[in-house]
Structure formats: structure tokens, C-alpha cells
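The first chain written gets the first letter, and so on, giving A, B, C and D; residue counts start at 1 in each chain.
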Amino acid sequence: MGSESPDAPAASAETILQARQVTKRFGGLVAVRDINLDIPQGGIVSIIGPNGAGKTTFFNVVAGIIDPTAGTVAFKGTTLISRPRRVWLESVLWVVPALVVAIVALVLGAGGAGDDGLVVTTILVAVALVATLVVATIRPAWYTTFLSRLGVMRSARPNDVVSAGMGRTFQNIRLFQNMTALENILVGMHLQLESNMVDHFAASRRQQREEAAAAERARELLRLVGLRGRDDELAKNLPYGDQRRLELARALGNRPALLLLDEPTAGMNPNETAQMTALIGRLRTDLGVSVLLIEHDMRVVMGISDHILVMDHGELISEGTPDEVRRDPKVIEAYLGTGAS
Amino acid sequence: MKLHKVSALATVSILAFAACSSTGATSAPTSAAPGASASAAASVAAPTKGEIKLGVSLPLSGQAAADGQPTLKGAQLAVDQANAAGGVGGYSIKLVPLDHAVNGKYNEQQGAADMNTFIADPKIFGVVGPYNSAVAKVQIPLGNSAGLLQCSPANTNETLTKPEFGALAFRKTNPDKINYIRVAATDDIQGPAMAVYDYDKLGIKKMLIVDDVTTFGKGVADNFEKKYKELGGTVVLRQGADKDTKDFNSIINNAAVTANPPDGVYYGGVVTSGGGLFLKQLRQAGLTIPFTGPDGIVNGAGDAKGSLINIAGTAASANSYGTVAAIGDFPAKKDFDAAYTEHFKADAEYKTPGAYSGPAHACATVMLKSLEEAVKAGAADDAAIREGVRAYATNPASKFVTVLGDTSFDKNGDTTQPFISFYVTDVAAKGGVGDWKFKEQLSFAK
Amino acid sequence: MSAQSAIPAPSHTKGPGMRAQVAAFSARHRSTSVLVGGSLVAVLLAFVVLVPPFSSFSPQNVWVDGFTNAGVYILLALGLNIVVGMSGLLDLGYAAFFAIGAYVYAFAASPFTGNDLPFWPMLFVGAGMAAMFGIMLGAPTLRLRGDYLAIVTLGFGEIVPITILNLSDYTEGPNGIGGISPPSIGDVPFPTTGNPWPYYVTMVGLIIISMILIYRLQESRLGRSWMAIREDELAASANGINTVTTKLLAFALGASTAGLAGVFLAAKLQTVTPNLFRFDVSFTVLAMVVLGGMGNIWGVAIGAFIVYEIQNVVLKQLNLFFDNVQVPILSDINFIEYQYLLFGVALVAMMLLRPEGLFPSQRRKRELHTEEDAEFGEMGDPMGAAPE
Amino acid sequence: MAGSAVGVTASPNPLVALRRSGAGPYLFIAALTVVMYFVLGPRQFINALTIGAIYALVALGYTMVYGIIELINFAHGDVFMVGAFVSLFVLTNILGQTGSATSLEQIVFELTVTFALTMAAIGVLGVVIERFAYRPLRNAPRLAPLITAIGVSFILQNIIQIIYGPSPINTPQVIPPTARVDIGGISVGWINIFIIVTAVVLMIGLQLFVSRTKVGRAMRSTASDREAAALMGVDINRTIAITFLIGSALAGAAGVVQGLYLGNIDFSLGFQAGLKAFTAAVLGGIGNLTGAAFGGFFIGFVEVTCGNFGYFVWAQAAVFMILIITLVFRPAGLFGHQLGERA
């Protein structure tokens, strides 16, 4: 989990996600510059802009897939995403125990003991190094707090972001192609299940009950997105539109409070697009999830969004209600000017 | 191999005598004369009792083929000669070789499987092999509980037989029934022998020791080092270089530039694990100091493919010394080489004997001799023969005439052959291709 | 248990009509079906060798002993399948864990250390130690991508034998540790030779138990996470799976199976040497897994059996075979010299003919031969098939 | 992990600045070389360079093939081995050379012929292998070609063993191994100089080929994105074949050099060499030519250092230990551009 930082913005109760001065540079190129964003509880906020406007980059920063160059993202008042600071220090720390062991061993005269001494020393050093790395991998709480005390700041990983309560879909569908629709959703429900190794080996009643219940809820989700009865079909064999819907259902598996949707209607025909838009609307009303929507196609978002941000060349060129945005000359210029979409 | 059956009939070497004569046991080595063999061969009737099998368990494929194949052919020769002379005790002998090399290197698991195959075949009266001590460690317990005799031509690791080195762990089932004998002198004799020779005879006081990190190489080198230090010599550097090492320069250069350079080298290992390359590179680096080693490096003349002299080059192999656990001036040695070369002249790859062809022949000889004695003692059915062979061969009283000289086996199954012979390379021999020349022999009779 | 519906039926149960029922049944009663199927195969194997042509090679004892050796490799393949087949991690140093298991028992019950601990508990200790090493190797390296992980495991697979080889004072070096005590029931030790049945039964038991447990893992939430990681690691982490720890578990469990095999090998051979655990073991086992059909537990087991028998029995006995049947030309060829050529050709040919393995897991079959889906009536809209 | 700090601007930290400049690896090499010279002394230093040069040549083939079709080509080591035997064939059976050459002209002539013929033959061998063992499996599961690679390596070894037998065979050392020259008071064998120069020349040639020529560009585009390259009209099959041609030809050259250097070859020298070359390729960042070359030399130095200080048996283990540690801290090798743990 991203560590608590003193300058965490005091998020007001109804704001669920709060992005501040999010910036991302790739080498010289600035993909995203100083984006601020607030998503109210239960709101649907859209980011639009022509292709290459930096929408997806910003999106990936929020989802914890790439680290921002600057800025922070707070979720439910906790700073999840921030520029990693002094990460190099962590990798330096990994060798410290090993070095200490080595020095101690040599001081105690292992060097004088000839081959055996060296062998023993080497083994000890290796053990120390490995032990450190094991800790660094499993990252127990005390380890992360210790790091943050050293000023090492590591941004949240995608799975941290999910367990914090966000769910996402991908612009280019990333289903588990060779798993059935049902299994895809069950993976999506990973964090909801709590059967442990013992249960696995024993195939315990508890696990069976849990799995049965999970399967039941998965089927509900399938029904919700209109894939009734497609449970045992391989994801890759589903029609394109259904794959998008399946991915959405999968994202709902962990009961997210906020859905991050990356161009959910890309490549769909007008009919499917309409269905999807309606579905998203229903998700808000039925499940009460908030939504962050990315689209390059204006028409899609106008209907459902409460608030729209328009990006171009990585910068925010306009924001407001759909009507305000629609009337904004800068937006029209951006779209017509670039002739995108 | 049956390709050679024909030529086998043609070439009845004097060794057929050693292999199957009844009087040879007591006769002096020198009495093994061509005339005698002819009469012996003639006097034996054609086999009447049908076929009986002698198993051979060696690594025969991949890299290991260079070790295993010549060894196999040593045993092959003995059997062909025996059959040519009318079989043994009325039986015709069939050689059954099994290859326990997996992916080109000996494999203990496969060795165990092969031993079980032999044990399960009632017609098998004995086994020649294995080549690697590691495999012996797996096979001895099997043979021990089944009472099947096994004779290794190449194993020299002392732990296999000598209780003081923990050999009883391998004979758990029947601790006092020996089922494993060997014709090679153990590392604890051969290594120290060369140490004495190097220190006293060659006057080498500073030694560079390199071993091939195998059971044999490291074992013999350890014993060498121990004795050499006792004698007061200093070991400048002890290095290991595993079987796959092709480039020894980083070791050699170090020895060449070091403050106190060695005035002699001991290589614990065999030619196939790098001995030849090591010597070659040693000379190319300008080090002409004596190169000494165990019987693993004394493997044939310069024209023999894969021999030390051949690989290192005739000129380079000058000033090299090797030990052989046998009486060096025993005429049968030379005769054996001749017989082997004649017998396998059709074979492209192994037309000259390898380091362990002779010992393998000796093992087969022992087996056949024991078979004959067992049959003579009245063993009729397979089980009786198997036990009879085991009992006769492991009886310290039994004497055998082999290409390694008169030998018998002590209570642990080790050869009582007390002689270590020292060979030196002679670059002028064999019309300039170079060969090993017997120098002298020392008795290590206890 | 919807997850099970995708799991293949044991591939030995054939018959078109009842196929579906058997599949359904064995999915519902996985453990029972594995138990029955496994024992069935074991018994069949043990007695099919009594009939020609098998009986003409060697007696039953030798065959059964050989099957026991093959069993060691089946265990290894089952374990590696967790890592390579289920989780999609390429492990080229698997033999290292095999070695660790074997040496654990060697230290536990041999004159070298003077200990004589019982065999059965040591099975667990060996497995545990191997798992620990798996974690030690995995923790620092599992963050690496695909083939970087491969080389690191390869390196580890080299380091372990080299270390064993050169730390003579602690491991007897190249000599290896001999005189290891065989397993025993009560005070009766397993017979060293002549009667292969105790080892055979033990091995069959080990294999069946591991198969049942591995099936249970595969059908659990953990197995699903492994599959997800294999399919798309990023998407998996975007669904809340902690990929590093999940992969670490796969590593540890795979290693523990190898440890199990190692302990058994040490007890059966009563000797261990570093030579038994060189990289070619890792490669052979990998070949077994891939040829058997990655991910398909039964397939991998059968693949391992086939490859082992080809490499260690068929190719070795070709000479004897042609001696017996006296085929004019063939009996003069020395097959011992050609066995690696034949083995290599076999590997290449099998791969070219069945790229997805001899017994691909059902889901792979489906993606490759979609006509099979027709019988389930599950065809997606063909027009809308996802762009590949 | 350490990689995720890449791209941080205006960082006060010199480490980060250095890493961003990309000069780090080169500085490291320079420093290492100097240190090594004084640690090992001239004689061992040259020795290390020589060994490293051979590994580097093999590693280049590995890394090229990997870069373009992401296949760990385990048969590559054995292709190198076959190269050594082809050169033996050319020298003895075609040129009738035994032992060392007597005149400079002879040396130049024979080496030119040997290199030309061997590299051509082995290049073709590589293409054939690709055509029959790998291409049919291009859309198969990732591991399928890996297994065929292992199979091919078995086949190559066994064929050579059947032809030449299992025991090591002497090769004519055209350049007299004892011929040495004094360079600044340091006596260096001509053969060492020859090997190092050959290797460096071939590497530079390859570097230029890949960066300047049309085919080279096709390779790089195919490596980075096969589909896109295909759309751009690059003939994928042809490009991959050429990659195998060049990679294998380099292995062939390495084979010739091996024969000249040690004067003795055997059918089993391929696997170990291949293993080390693969390690070298990964150490430098697999897919990266400079990296592979560096990796080769680096391993040479590790081995010689171990040998020099009496730990020759540990050389292999040391190499892999260093590899593992390197990858833990630089997950994409020394020269591979660091994608961090998320890529």
C-alpha cells in the first residue's frame, strides 16, 4: 500500500477520488501535465480528448500501473499514488545486512581460516542477502513503515489499488483468453474469497461453500452485463462486444467503489455502444459505484457524465458539465483542429 | 561387435591360454608361450552345455563412450578368445553389455537398473564393471544381496572395499560375502606411490596439483598430496578443473608467473577428463617441468586416438610419468596390446587399447577362470554356478594369470598385486609417434 | 464447483459415449477418480509386462523396478508442471530442488553423518527444505520477466551441484554420500533387490497423493490465480492478485514436489552424488512436461513416463532387442552409439507433430480444435470472434 | 525495482543522473578493465580477453536470435561446436594442413579460406535448423521451440560423435601457439592478439551492419514489433532467416577460433560454451549486442580471476552468482533498458 504522507489532502467525505497536479514525463515528452480531478461519491466523471491526448497515461497512473513524475492521487482520503522517492535507496538497503555479516565474519577472522572460513562467510552473506530480499518481497508492514521513515516512497501497485476499492477495464481488452467467462469473473472476485492453503489441500467444506456462493454471484454479474448462460465459454470465443461486457463484469467482481473504464465502447457499433452506455448508467444507480470514464468519442459521454474533463497534448484544456464543455470553443478547436476520431 | 566374431576365430592370442587353461594358474607368467596356447586351444572340446552370459556394465555412449568403449572391448577380447578356444567349462560365453550413460554421462540410477537386470537374468554368472566409483557405490549393495560377482576394471576409490574407509555400508545384507573385486590398485596405494617417486626419484620439491573433481581424480590426488606433504614437499597450488574444462590457461599462467614456480605437476584424473589438454597447454605456455599422473594417463601410444601422447602431441608429452598398478615388465602387456590391435583392427574408432582395456580383459579373465573352476567343482544349475564363481574368485587362495600379471584378491576383494610400475614417455618410440616406456617397478607389498 | 467443469477428465478413460459422463463424474469426485485411475494404471502396468513382447526383454521384477525409477521422474514432472504448466514460469534449474531433497535424506540417514532418522517423516522434511530453497531463490528473482527468470533458475540449478561437488568436507564432494538406509516399515527394511514391490507401491502412493493435492490446488482460488498470471500477468494484478507472492507459492510447491522425489531417490539408490542432479535432469523434466501437455496433470504424468521409458529403456535395449529377434541388418548396428540422435529426433518430431503436447489440457484443445465445442453447444457467435 | 526511478527529472541524486545519462555501464566497464589489469597482471589479463572474446562471439548469436524471436536457442552452443569441426575439416581435408603454418602468406591464405568456408557452412546450418525446427512452431506454445532446440542439440552432438568419435581430436594450430611478441615489455602470444582482434572486428562489423544497412533496420523493426514490421512490408521469414544466418556464422567463426586457440576439440564442447554464452547474453541485457559482447568478456574475466586465485572449480558458480545478483538489481541486464518490475 502507498504510505501515508503528511501532505495528504484532507478529502471531503463525498469526494472519493482526488488527483492533484498529476504529471508524467517520458524522457523529454510530457504525456500528462498538472491534472487535477475530483470524483464525488457516486458520480460519473469522464475524460475526453483526441487520441494521444494522454488520457490513458493519466488513467494508468491512477490505476497504479505507471508511477507519476509528480503529483498525488488520493482515494477515500488515503494517498495511494505519488512520485516514488529514493527508491534507489531501497535497493542499496538490500545489501546492507549482507555487508554487515561479511565485515563481522572477516573481523572475527574467517579470512584467516582459509577455504572453510571463506566458504562459511560466503554462505552467511548469501543467507543474509536472500533473507533481506525475502522480506523485501513479502513487504510486511514494519518494512514499509521503516522505508517511509527513511523517506523511501513507493507508489501503490495495481493490486494495492484494487484492494483499496477500485476496479478497471482495459482499452484493448485484457481478458484471460483461455479461461471461461465464469472463471474470468471468479478471478475478478479474488480478494472477496478467503479460503487459504489448508482449505485448498483439504478441499474443505468451507471452500466448497465459498466457491459455490462465488460462482452464484459470478452468474449474477454475468446476467447483470447480459451474458446469461455463457458461463463455460472460453473468453476468447466470445463476440467482441460480449468480451467488453465480460471485462466490465470482471472489474465488478471485487465490489469496487470506483470503476475505471478505459474507452469501454471502443470498436463497438452504435447499437452496442448504446447498450454499454445504458449499462454504465445502471451500474451507478443499482450498485452505487462511482465511475471514471475515458473516451475519445464525445457523443458517448455526453449522456451519462456529470462532469467532463477535456485533455489535449497532455494538458487540461477545459472542464465542466457536458453543456459547458460542448460549448467551449477550445474543445471544438481541439477536435476539429486535430481532426481526430 | 559380432562383426568381429570371424576375426576372433582367426586370432587366438596367447591370452586364450591365460583365459581358459587349467594349469595356467600356477605357472609363471613367462610360461605363457604361444606354443602352449595352441595346444591348450586345440585340447578344448567344442561347447556342449550351450550359452552362459557375462554382463558388462559401463557408460558406453556420449562423452562417456571414450571411457567405456575401449574398456568394453578389453572384456570383449577375452570372451572372444575364450569362445575361439572352445568355450569355458563346456559353455559358450555371451557378452551382454548395458550402457548406463544418460545424456552422455554415467548415471547411478541407470547403473542400478542395469545391475537389477543382470541379477534377474539367471544366465548371468558375473558382471564386469562399472567404470565410475559412484556407480559402484550403487551397484555393490545390489550385487551383495543377490550374491552376484562383479569385477571392476577401473574403480580405485578405497571406500568401496576397505572396511576402515566405511566399505561395510555397501555390504549391509551380507557383510562377509564379498561380491565385488577389482584389479586396479586403490588410490591409497597408487597416489602415494607416485608421490614417493616424484619426491625421491625425480627430485621434485614444489608441486602443482590439478584434479578433475571426479571420485577417481580427486581421490588419487588427495592421497598423493597427503603423502607428498609427509615426505616434505611443498604444494605450490592445488586446483580442481572439472571434466568439462577445455582451457587450463588460467591455472597454468598462474603457475608460470608465480613467485615460487612449481618444478613438477601431478594431474589427478584421466585423459578423457582433460589430462591431454592440460599437458598440451602446459607445454605451449613454455613449462617443460615433469608431468606426472595415475594410470588414467597411461593410455597408449601417440598413434592411438585419444591417448595422452596423441592429444598433447608427441613432442609436448616428453618428460611425462605415469603409474600403472601392474608388473610393468610382464610380457603379456605387450602381447595384449598386439592381440587387441589385431582383434579390433576393423574398428575405426577403438583400434588401439585404452587405459582400462587391459584391466577389463583381466577382469573377464578372472570371471572366466572362476567359471571354469566352479563348473569343475560340480556347479550344474545357474544359481550354483553364480555362487561358485563368486566363491572361487573371492577366495584369497585362488590365483589368476591376467595381462596385469599374477593376481589374487584379498578378503575385501582388492587385488593383492603388490606392484606399481612407473612408465615414462618415449618420444622416439614407434617410429617417432611416441609411446610409454616401462621405467621401473616398486613393490608395495604390505 | 464450476471451476472443475473446465478440468479435463483423466486421459486414460476413453470411450466416446460415456466420455461426457466420466468427465462429469471425475470432476465431481476428483480425488476418488484419481485414486481409482492411478491404482488401475499401476496394476495394469505391473502385469502387462508379463505378456510378450515385454516379457521377452526382462522379467517382471526388472520392469517394475524400472517403473519405480520412472515414477521419480513422474513426480518431478508433476511438480514442474505447477511452475511451468499452471503458472507459466520457465524454470530451468528444477534439478536443484531434487538435489536438495535427496541430500536432506542423505544427511538424515547415512553413516557419513551418523544419523539414522526414519524415512517417512523425512519425506516431509525434504519437501519442506526444498520449498524453503524455492522461496529463497524465488523471492529475489520472481520480479524478473519470463526468460530472465529462466536463466536465473538455470544458474541456481548449476550453483547447487557445483557447491555440493566442491564442499567435500560437508558433502563428500564427488564421492557422494553412500550407505543411506532404505525405508523400513516397523523394523523391516525394504529389500535392496529381487523384490521391487515395496518401492513400487510407495512410489505409486506418492504419485497418487501428489496428483490429488495438485488437482485440488488447480481447482482452488490459488490455481485460478496461477492460471490468470499465466494468461496475462498485468490483468491478473489489476484484479487484485499479488503476483509476486502467488508466483512464490507456485515456486515453493513445485520445489517441494521435487524434494519429495529427491528423498525417495536417495532412499532407493542408497547413494547420492552431485552427478545425479546436473542440468540435463532439469531439461529432461522440462521436455517431459511440455511433451505431456503443459497444465494437464494426467498428460504430464504420462508424458514423463513415455519420455523416461524411451530414453532409459527402449533406446538402451534396442541392441538386445535386435539380438533377440535376429533382424539381419539391424542386429549389426550398434544402437548405443545412435541413441541420442534417436532421442533428439524423437523430441523434435513429437514437438512438430503435437506442438501443444501429446495430451493438451482440455482448454487448449478447445482453442485449437473448436469443432469440439460444437458438442457442448457452446460456440460463440462466429462472426464476432475476438480479433487475434 | 531500482528501475522505477528512471526518468525522475531535476533529481539531486548523482546516481540517478548518471543512470539517466546511460554512461553508467561504460564507465563501469572502463573501471573494471583497469582494475582487472592490475589484479590479474598482463599475462592473465590477455588470457581473460582471449577466452572472453570467444564467449562474446557465441553470445552475439544467442542474443540476436533471442532479440528477434524470443527463443532461447539451446542448440546454438552445438552450432558453435559444429563450427569447430567444420574448420577442422576445411583445414585438414581441403587445405591439407597439419600442425602450424610456416610462412605468413600461408597463414593469411589458410585462415581466410577457413573462416570464409566455415562461416558460410555454419550460417547455412543455422538457417536450416531455423527452417525445420523452429519456423513450424512460430505460433505454437512458447516452450515448444525450446524443446526442439534441445532435441537439435542432441542431434548435432550425436552426428559429430558418429563421424569423429567421442575422443578429443587435434586441430592444426595454423598460428604457431608458441609464437610471441613483445608489446611494451609484455610478451603476448600472436594467437591471443589474432583472436581478440578478430572478435572485435566481427563485433564492429555486426554493429555497423545492424545499424546502417537496410536488412539491419528490418531486423531491428522485426525485433521490436513483428506485426508492425510486417505491415511495413518487411519480409519476416527472410529477416529471421538472415538473423540465424549471421548469428550462426559468428558461432562458426568462434568455432574456428576455438580450434586455433586450443588445438584440440571434441563433440561435447558445445553445451558448456553455450551455457556461458547464454549467461553472457543475459548479463549484458539479452537482445542487446553491446551487452552480449561485454557479457562474454566479463565471464572470461570472472573465470580467469577464479583460476588465478586457486578457485577454478568455483568459476561457474561465481559467474551465475554474479548474474543473479546483477539481475536482482538491474532486472533487464546491464545494458538492457530497465523496464522495472511492472513491464
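To be clear about the criterion, a residue touches a chain if its C-beta (ideal position, glycine included) is under 8 Å from a C-beta of that chain, and two chains touch if they have at least 3 such contacts.
Worth saying up front: this structure is predicted, and the values here are computed from it rather than measured.
Enquirer: If I average the Cα coordinates per chain and compare with the overall Cα mean, which chain comes out closest?
Expert: Chain nearest the overall C-alpha centroid, as shown: C.
Enquirer: When I count C-beta pairs in contact, which pair ends up with more: B-C or A-C?
Expert: A-C
Enquirer: Could you grab the centroid distance between chain B and chain C? Build each centroid from C-alpha atoms only and quote it in angstrom.
Expert: Roughly 38 Å separates the two chain centres.
Enquirer: With centres defined as the mean C-alpha position, give me the chain A-chain C separation in Å.
Expert: About 37 Å, centre to centre.
Enquirer: Using the average of all C-alpha atoms in each chain as its centre, how far is it in Å between chain C and chain D?
Expert: Their C-alpha centroids are separated by 33 Å.
Enquirer: As a quick test, compute the distance in whole Å between the mean CA positions of chain A and chain B.
Expert: For chain A versus chain B, the centre distance works out to 69 Å.
Enquirer: Got the chain B residues that touch at least 2 other chains?
Expert: As it turns out, chain B has residues touching two or more other chains at 62, 65, 104, 213, 240, 242.
Enquirer: By residue number and range, which residues of chain A touch two or more other chains?
Expert: Each of 65, 129, 133, 157-158 in chain A touches at least two other chains.
Enquirer: Residues of chain D touching 2+ other chains?
Expert: 1, 157, 161, 313, 328, 342
Enquirer: For the complex, which residues does chain A have touching chain C?
Expert: Listed in rising order, the residues are 63, 65, 116, 119, 129-130, 133-134, 136-138, 157-159, 162-163, 168, 170, 173-180, 182-183, 186-188, 190-191, 193, 195, 197, 199-203, 207-208, 211-212, 215, 218, 231-243, 250-251, 253-254.
Enquirer: Under the touch definition given earlier, write down the residues of chain B that touch chain D in their complex.
Expert: Residues of chain B touching chain D: 62-66, 69, 104, 213, 237-242, 244-247, 249-251, 253-254, 256-257, 272, 276-277, 280-281, 284, 286, 305-306, 310-311, 313, 348-349.
Enquirer: So in the complex, which bits of chain C are touching chain B?
Expert: 58-59, 61-62, 65-66, 69, 72, 110-111, 165-166, 168, 173-176, 178-179, 191-194, 196, 265, 268-271, 273, 275-276, 278, 280, 284, 311-312, 316, 319-320, 331-332, 334, 336-337, 339-340
Enquirer: Touching chain B in the complex: which residues of chain D?
Expert: Listed in rising order, the residues are 41, 43-44, 47-48, 50-51, 157, 161, 165-170, 177-178, 262-264, 266-269, 272, 303-304, 306-308, 310, 312-313.
Enquirer: With touch defined as at the start, can you tell me which chain B residues reach chain C in the complex?
Expert: Touching chain C: residues 1-3, 60-62, 65, 96-99, 102-110, 112-113, 115-117, 119-121, 133-134, 137-138, 141-142, 144-146, 157, 159, 166, 169-170, 172-173, 213-215, 218-219, 240, 242 of chain B.
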